[in-house]
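Chains: A, B, C, D, E and F, in written order; residue numbering restarts at 1 for each.
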Amino acid sequence: MPVINIDLGLGQANEEQKKQLIERFTRDAVEVTGIAVDKFVILINELPHENIGVGGKSLKTLKMGH
Amino acid sequence: MPVINIDLGLGQANEEQKKQLIERFTRDAVEVTGIAVDKFVILINELPHENIGVGGKSLKTLKMGH
Amino acid sequence: MPVINIDLGLGQANEEQKKQLIERFTRDAVEVTGIAVDKFVILINELPHENIGVGGKSLKTLKMGH
Amino acid sequence: MPVINIDLGLGQANEEQKKQLIERFTRDAVEVTGIAVDKFVILINELPHENIGVGGKSLKTLKMGH
Amino acid sequence: MPVINIDLGLGQANEEQKKQLIERFTRDAVEVTGIAVDKFVILINELPHENIGVGGKSLKTLKMGH
Amino acid sequence: MPVINIDLGLGQANEEQKKQLIERFTRDAVEVTGIAVDKFVILINELPHENIGVGGKSLKTLKMGH
């Protein structure tokens, strides 16, 4: 605790980028809150683009230009 | 914002049905709240049936009639 | 199961509107998926505007026109 | 309702262990709260170890001894 | 990690019952998975009954017998 | 989309600190993923310490030194 959940579309972050998100979010949260680094848990949930809706359309549809 | 998360079992909705859920939930939410359509994010999370429990049994077990 | 979570800002929906969201989301989901109505659980989580960020600013800041 | 979400790393629980988590969590929750067993929904979300951060490092990195 | 989220209605568990849920869920999860006790985080989210829908009706409506 | 949820204990971050978390998480995520800043939604959920369990004990109990 604290717990940080990140919901992304598949392919929006590769392994190296996920490593950076984990590092930088944790560092920021430690600096801002003063809570010890080992307390932080980060969970990255990746979803297919057909499973993500923005403004009533799926990300898959939006990416096909409709 | 607002964000709508839908947790489903794998196979409970195909791509077309997920498109309809995204469209209809967004339309309803816009009509009910008056918030602009482009503000809505919908995330559909699909889980294997062995990962879902109802009344103390997994959905997989329930579907096998136990 | 299925479970639908809705994250809203405080004041974005009054009790009557929350009732409508519950009714209409459940009706849509039943019609789209064919899953029985009594299986659906909806959870509405309301957050203070200072706890919501859009584009790097809090909803509270955005509403004050900054 | 109530809904219990469990976030685990892939491989931290096999099918039999997930069955036990569903059974034992539901039994405990019924005994503690008095709520009827059929009301409980449990969702187990399994994430790749590179998608999990603890103390600023991914579980994958930690397991490789860095 | 692992992280366990419990969504309850307000009043469905008092402080003592929440303590028991935390203790018993953690003990079960340790016994079932073999993961060390200090790794487990449990978050209990309590919602007003008008914010919970079951079968298309709010828990508040259901409790009033409608 | 993407959506970032942060679960904190009540009092672990005041309004100014929440502002900083929103700003810095968004800036980091933009720099790491290249996704446009206006796409990011951040939701901060604050829980009473009796609702948070770490290692089988509530945060409230731990803070009282037990």
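Here is the rule we go by: contacts are C-beta pairs under 8 Å (C-beta built on N, C-alpha and C of every residue); 3 or more make two chains touch, one makes a residue touch a chain.
Only a predicted model underlies this, so the values are computations on that prediction, with no experimental measurement involved.
Over half of the residue-numbered contact pairs of A-E are shared by just one pair in B-C, A-F or C-D, which is C-D.
With centres defined as mean CA coordinates, chain D is found 20 Å away from chain A. The residues of chain A that reach two or more other chains are 1, 3-4, 7, 21, 25, 41, 43, 45, 52, 54, listed in rising order.
Arrangement of the chains shown, judged by which pairs touch: an irregular graph that fits none of the line, ring, star or complete shapes.
Every pair of chains meeting the contact definition is listed here: A-B, A-D, A-E, A-F, B-C, B-D, B-F, C-D, C-E, C-F, D-E, E-F. Chain F meets chain B in the complex at residues 1, 3, 41, 43.
Here chain D touches chain B in the complex through residues 4, 15, 18-19, 21-23, 25-27, 30, 37-46, going by the rule given at the top. Those residues of chain B whose C-beta lies close enough to touch chain D in the complex are 7, 45, 47, 50-58, 61. Those residues of chain B that touch chain C in the complex are listed here as 1-9, 12-13, 17, 20-21, 24-25, 28-29, 32-33, 35, 52, 54, 59.
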